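Note that the chains take the letters A, B, C, D, E and F in the order they are written out, and that residue 1 is the start of every chain.
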């Protein structure tokens, strides 16, 4: 079988160009624009000095996420969730996934009784918005933690290590890393993988859109994801090691 | 490390007792009570001779699912979604999962322009409600298809083969099959796996509740799931091979 | 005029076979499956150690009810209220009726500052779901009170006496007791009556669906209801006098 | 037992002063302000030349009602349903009752495929708002039918006869007709009765707020209601026999 | 250009007949029916001895407004907002405008920690409902303040001076004062102006429905508004100087 | 009185630096990032080849707007409207204003039966978001119209001329043009003005936040607005005269 040809001569196990811009907006404690090719997600981290009811008095903090997509982030305009008066099931699934992924690397006790809200808003969509959101939200969360450390509100970082995410899938029989929209639409199997910097799994969500997939295919996909996430973690660290740009 | 001791002397790779009662209620085209130990889910299949807007005129049918839990199906009463005026994110995630799993084995063209609604309502919960729902919904769907065949509305079954689901997880270091509630609450990793009768994956949803999990642990979990689902498929076929009981 | 012929040779003033199964599910403090012929309602009673705002600090408890119907409890599937995001006017009317009926026999002061939630969920409908719900909810409430007494939380039962309910109606000129669905659809007048064990009225709700009804017809209907409810109260007591079955 | 003393020396079986003002507002096909003492309800009837989906193509019309209460119609301000985003269960119960009561005297076939909307809005409440609403809505419906007849859209009235409603109740052991708010709050039993001009029952809704009531008490209440409704029907006819006032 | 001919020989800078009826309903602390020609709005002022969260502990009170329209206040019936489950954008805009206008003349500190709710409900609409609402709400607020003074809850009025409102617009080239519905529908420019008794602006909301308007036209409209509002303030004072009528 | 000192040595009648970036995102027919100093609004124009029901069959098109603010566009995080399930009154007011402003310069007949949706989403807020949104939406609308002309769907532009908007206000007695957040919070009077390229008014919305304002102050504010809008119209034309940048 001939392998699927990707746009821009990208090879099967290659990420799209990733750009991480810190300090993208001025008010949030962390504000990151992350781009996976044409996919662009604005991830802000906001610190709130209180916790939701289920954590009140626990001595622990909370980390939570919300996800949204601007109506014309997509090829055709989708209706605005605020106007319809409810979030779709897809939106809720994604924001629950982002929240769990962030909490997987947070020591909530060390955070203290405060909340970090991660808002991931898709400005432009071309596949992989949830994995870009997780990868960018981690960077925004780091910047928010830095403000807490700088303000002396905490003395050690509650973040135990990096977390990042990537999509993988099988298109016309070929396992591919980091699907863009056109590949995502055509794929038989689509899997989103979230891993720690240590290479362990936080979340694996695989769906056979067409034919069910074999154990061997699953193994190929997990291998691709491991490679991609290792690269993303390096990019996160590189972005975080630079000084925070000052907004013009 | 000592392995986790399960209730009722169940071994790590053993399913709970599974009971499948067809014809549990009288009105639905398919009506199945499925029990995984103390977990009991009523799955009904209703045939509607029309399709949702996105399938109108396509010549294809649709298969969709809804999921609910009675307020006191659980240890402590949870509030009624109808009274609160919205379904939780968890409910939406589950019903989307059931729907995708059913469509994975349906030939929508062969179904014709009609809809099969699968309603999965949890009467009693003790872990694994979504996997019991998928496994039971498949049996209800078969019975609904049988009424269509018997009525001459279709001449061949649109169902391509069985589908079933099971949960697996790691509790205190031990990979376990078919978690009950107390195990689910204590587990580090929880994974729901949906597979076809041919042993291929339809859905894999794994979450690290505590520590992230390694590739080796993932492999152990997938192996357990394959074993459990193979057994469930046999039980489904056995239930379907009996004559449909008549409701007293 | 020839009297209306009922299914199963039932005579005009005869109840359908009534079955009351206590301990139907395991988690609730009271859990009763009640069957009036083919109508089956699961009634659970849940004790919550707090009261709604309007009772806070009053020294009194509260008893309240919610009612639901599984989507395919009926001949044709009805849409799920949780999915539509609101309860119908019919549902609200019924659950308000059940709540008032239960409170009519409760001494809220003797209950203490706690709430008993009665959840009445129709698994299968064939007419008379609200009257079955009231009759079954009373039994579930008794079982819940027994757990409070056994736990020493209260020293005397706050229940002053039995309450039960039945429907009556006029079909083709014949007054009938305990209408099943086909009779309910055809009736000119439909009345739901709730009475205490002492034979006094708690609620009377009569509606002329077709022609308005005369005072004489009203009297005939009330007489039928008195007879039916007296029988139901005996059946409730008989069910309650047996030991609580243990769920398998 | 000493009988309860009513305000304004009203005797037990006496209605409050009833005033019926037709043409209260200018736009509606029927517009009636009805007053039962201090209770004032504005009832408008609006004709719409189409029917709801369940009547489309049936050759029949539809008659429906909505009920509302201005926030400060009551002693203390209640919150606005439009602002809260939903109607209470009480509101829904009442508007369903009004609608059924009106349909009881309408020949929907003779109405033709059009809808009469009855809007009953309480400007000031002092008990008995739903019975005033029904009694006034009938007058508004008559005026709306008159405009249809005058316009030649129908050639005979679809109204088969009058319908009116009154509340009765037992206060401190005394059966009373037409309860005002202070009596309603204190009553043991509260019953709303809807009857036709011929003295037949359309709806009977009795509730024991305190002690359950006996068959003898029920008979006393029904007798009072019959008397009151006969008087209301005379007042309706008298109001309708006058020429429609022109709005200043 | 020939000037637009108004109904009833009204000249361009002339108000419609204005009637202000205090004590229109009995329960509210202030209750005013205000009529601008055929437009009739019931404005009630309700005093509540608590404040919304954002004012708690501030030592200041709050003044807020809600606006509604009965479904058949208009030429054709509009759907009931409570039934639809949400207020339109228009309703929200109007009630925010009324609230701001009232707060413009209130010293919230002098009011003390209590809330005055102004409910403005349109019984009949013929243009200018929001300006009638503001003008009437001021009178109702005065009556509510009088009850607080009479009860000794405050010792000086928190109202700093009158506020009133009027609409102006350009119809077929002619600037007109106080548009009725038919003029409003035909106008090119529509402006609502709220002013204090001292002739200063509180709100100006002008909209070009058709052609944009020039600075000169704007000046003409503001001049008309100043004239109309001066007259309304006189009418408010005259109404308030009479003794409060007692409701029959 | 000493005049208020503005940040960055801005004089009273000076706009903040305005940047207009066309082609900011790739999918929309028009996509403009507009910046008024630190305020940044993404305005997209989407063409849909159908019209809302009230325009169906009219031969006319429709232009409509929606407005949103990312949760952390502001100094402190505000809750997400989609999560709360409704848009605030403020949001609705603003999007209605943007829609009316755009329609003021559109010939809907010339547009043909299609809709242009303008989505204005605030990425970062520092005062004046609604006026930036209107000014940017006009540029996005022009680009969308250009795609329709290029595709031959229309042969002449339906846009009659430019429209732009600016805020003005009185801060500590000084009338100022283009308020930033800190000025807006402190101002006594706040006015938003929308004008055409010809210098005529489309909308004027002035509110006295503190003291009411005089006719002289109003005149000063309108003068400032005229100056600012004339400058904005030049900037719009300059931006539109450049070639559309291609997204990297």
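The criterion applied here is as follows: a contact is a pair of C-beta atoms (placed from the backbone, for glycine too) under 8 Å apart; a residue touches a chain by one contact, two chains touch by 3 or more.
On a predicted model such as this, the values are computed, not experimentally measured, just so you know.
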Notebook entry, point to check: Stepping chain to touching chain, what's the minimum from chain A to chain C?
Noted result: 2
Notebook entry, point to check: Same residues or different residues: which describes how chain C and chain D meet, taking over half shared numbers as same?
Noted result: same
Margin query: Taking only the C-alpha atoms, how many degrees of rotation bring chain B onto chain C, rounded to the nearest 5?
Written below: 180
Next item on the list: Could you put a whole-Å number on the gap between the CA centroids of chain A and chain F?
Entry: 32
Next item on the list: Mind checking the centre-to-centre distance between chain B and chain F? Centres are C-alpha means, answer in whole Å.
Entry: 51
Next item on the list: Averaged over CA atoms, how far is the centre of chain A from the centre of chain D? Could you give it in whole Å?
Entry: 59
Item checked: chain E: positions in contact with at least two other chains -> 85-86
Note to self: Touching residues of chain E toward chain D in the complex: what are they?
What the structure shows: 25-28, 31, 38, 40, 42, 44, 46, 48, 66, 68, 70-77, 80-83, 85-87, 91, 117, 119, 121, 123-125, 247
Notebook entry, point to check: Can you list the chain E residues touching chain F in their complex?
Noted result: 86, 89, 92-93, 95-96, 100, 104, 191, 195-196, 198, 200-208, 211-215, 218, 222, 226
